[in-house]
Amino acid sequence: MTMLVEVDGIHVRYGDLVALRGVSLAVEDGEVVCIIGPNGAGKSTALTAIAGGVLPDAGDIRIAGRSILGQRPEQIARLGVSLVPEGRHIFGTLTVEENLAIGGYIQGNRAAAKADMERLLTLFPQLAERLRYPAGRLSGGEQQMLAVARAVMTRPRLLLVDEPSLGLAPKIIDQIYEILLDLRQRAGLTLLINEQSSNRILKHADRIYVLRGGRIQLEGRAADLQDGEAIRHAYFGFGEGHAPRIEEPA
Amino acid sequence: MRSFIARHQTPVLLAALLVLIAAVTLLSRNEALQVTLTEMFIRVVVVVGLYVFIGNSGIISFGQIGFMCIGAYAAAWATAEPSFKGIMLGGLPALLRDNQYPFLVAIAGALVLPAAVALLLGAAIMRLSGTAASIATFAFLIIVNSVYSNWDSVTAGVSSIIGIPTVVGPWTACIVAALAILVAYLFQISRVGLMLRASRDDEVAARASAVKILRMRLVAFVLSAALVGVGGGLYAQFLGILTVDPFYLNLSFITIAMLVVGGMSSLTGAVTGVVAVTAIVEILRFLERGLAVRDITLALPQGSQEIGLGIVMALILVFRPNGLSRGRELILLAPASTPREMRPDQVTIADETKATA
Amino acid sequence: MIQFLQNLIDAISLGSIYALVALGVGLLFGILRLINFAHGDFITIGAYALIVPSADVTARLLIGGWPWPVMIPLICLIVVIAALLTDVLVFRPLRRASSPTLMIASFAVSYIIQNGVLMAYGSRPKAVDLWSGANTQVLIGNLRVPMLQLITLAVTLILMIALSLFLKKTPYGVQMRAAAEDFRMAQYLGVRGNVVIGLAFAISGILAGAVSLLYTTQSGSLSHTMGVPLALFAFVAVVIGGMGSLVGAVVGGFTIGIIVTMLQAYLPPDLRAFRDAFAFACVILVLLVRPAGLVPARSSFERV
């Protein structure tokens, strides 16, 4: 049971405003873990901190047992962590192909990167069709696919996905989730996904964290939380305090 | 009563500091130091003027020295000998050319003319974003320099205006500096000043109430130009000779350096910056002259002053970006309650929006 | 008519120089959001590297006297090193600093370099004869064009094409364009921030080195403030052309070259001195009317 990423009591502040207070979470190798929570809860901050985009004032973050606190995003990327941020952040003035290529440079191996790209293009035929288009001209759904594909080009062990379904049509969301889970199956990818709310993800996730007001309100196995009662509690905030853990019956 | 004093102690303390420096320096009866002292007080007026705009609006203006130039020449036009003006500055209107006016009139001119120009310029450029506005102010500096260097009939072009009565000494400059501090303080606690500071770090809020912000920035810009212009007026009547050369990139750099070293976002920063940089430059100048040790003179090479100042600036930017004052104001008496309006480092809406994860 | 064409060629030649300087400034702005006030002083460094350090009025050529296949790369190398030093010493510690802070920092670097040169070489302008053949005139139709102007144009075109190929075809070029558009996202994908920025400074240095050679050959003199007017006009060019757009920088450079030359040639004599004032008034006008510039970049870098 190897912990791929451990977040240990981090406090993150933007100026005077506290975004995360003493947040701890962990993801095992090969798991699919989902963080859900309302807008402004701190979900993006959590993923950003893991990817190295923001420095916590307190606490620690470990990848495969080694602390990555204070490392630059490009160094963390080389440890196998890849972020698909909220809002996609594709390089609009670069072509689809160039966007994908950027992800591949981290390999240092042109042939391998080329092979990866070809494989990804079979998974995302819409991207294959638009290979030489400036990425800014793609539709929202296509951009999301590009963002995911680009992140996967870095051959990550851990894929952090921030609100993949935001603003997308259900059909596209399905397609993206299908691909993510497929990658998890085939490439042993570990997934940590943020969503505002999603019945969809509950079906596929191994474990769930509920984040609200910068704190973890609830943590448990998805299987135990199927009825949604506990989640609604934690999400809407009846009963403040520490996260009740739902243990498996002995 | 006590709480009133406590709340508004900063300008008093700063003025007292200047008076103290003046008294100590004048006691030393060193001629050269007196000159440096007067120059320093004039720089306080200018840098406080810079601060009124830069510190409150957050926009770096590289062009304020242009207003100093305008103010200096306005004062010169008022007070130089009519005989000189008749020959060299034929282009001046007769009212100025044929008469000689006293100090206060000159200062009034040095205040009004730059302010008027600032009103026109600011009306145009205040709606530009921070970077674009900065570039526009830079362009303004070049324009002023170019125009004043070449408009021979009015400014004597590249030659000097001489014979300006040198009525400005250390005490005059000190008093004007103290007044400048007061004016700047009154502005920053006024409604316009407070609102401007609140919008300073927050582009979103600024854009939401765009028109208001524009007007507030304009007020700050005009007030800043007025103060800097007065500084120019003092300068002309201190030196007695006036050319266009000083009002260009070097002086712009030095005054901005003073503001940065002291701390851009507080009045205390503006004042302490001038004092600190003047001290540093004096020390370096002394070291350049050299210490005689037995038969050898140990000295820093010529030009170390400037390089030293540049390096100090860079170091401050890296290690203490808020300057020596850390963006806070000078206080000795602990105020009864922490007045929110005194804290330049407020929580802004920007912090709130950034946290929406 | 001949006179007009002659002026036009002068204008284009001057425009090439401004375009090269503007490219250097625009490149750093695109990647770092840095307005490098010191870029003109990089040019000054390149020029002064040609002579023997001394305060004499007549400079003796040092590197400037060496055969040009050695001299040109060496001068460029020196400027590149200077540029990289300013990155490592000043701009790297300020990576997360705000725009205003960066502007002031580059202002400080400019001040330091200018006074450093002043300290080492004295304040009097020096005469330098880099290449006496520069002014041999080439006959094109009815026009007499100084050789140097043709070379300037050729060098500019070559450098622009080279830069364009670099940005489009090489991995580092693609990474630079990505970083210029969204620096943080590029980092998340493993793009090494410091390497990309260092490259930008290096390329900027090469461009500055080229300009220092061309400009010194043309003007025949050195002064510690020689880079200032070049940098100033480069800012004008970048703003007019469109900040963040490399094409815009080039367009702006040529536009400024043409405006300045034409103003010089056709303004009535008493207004001619105000040429600079006019040029910078144009800057303010463009900022007001078309703040994005003539060739606005949709988002940062466009392919040259």
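Which chain is which? They are A, B and C, in the order written, and residues in each are numbered from 1.
What we mean here is this: contacts are C-beta pairs under 8 Å (C-beta built on N, C-alpha and C of every residue); 3 or more make two chains touch, one makes a residue touch a chain.
Please read all numbers here as calculations on a predicted model, not as lab measurements.
Legend note: the chain whose CA centroid lies nearest the centroid of all displayed protein CA atoms is C. When chain pairs are compared by their number of contacting C-beta pairs, B-C comes first. One finds 43 Å separating the Cα centroids of chain A and chain C.
With centres taken as mean Cα positions, chain B sits 51 Å from chain A. A separation of 31 Å divides the Cα centre of chain B from that of chain C. Chain contact summary for the complex, chain C toward chain A: residues 171, 174-175, 177-178, 181-182, 184-193, 297-303.
Chain C makes touch with chain B in their complex at residues 35, 89-90, 93-94, 97, 99-101, 103-105, 107-109, 111-112, 115-116, 118-119, 228, 232, 235-236, 239, 243, 273-277, 280-281, 283-284, 287-288, 291.
By the touch criterion given at the top, residues 51-53, 72-74, 77-78, 82-83, 85, 89, 91-94, 98-99, 101-103, 105-106, 136, 150-151, 154 of chain A touch chain C in their complex. Remark: chain B residues 58-60, 62, 124-125, 128-132, 134-136, 138-140, 142-143, 145-147, 149-150, 249-250, 253, 256-257, 260, 301-304, 306-307, 309-311, 313-314, 317-318, 321 touch chain C in the complex.
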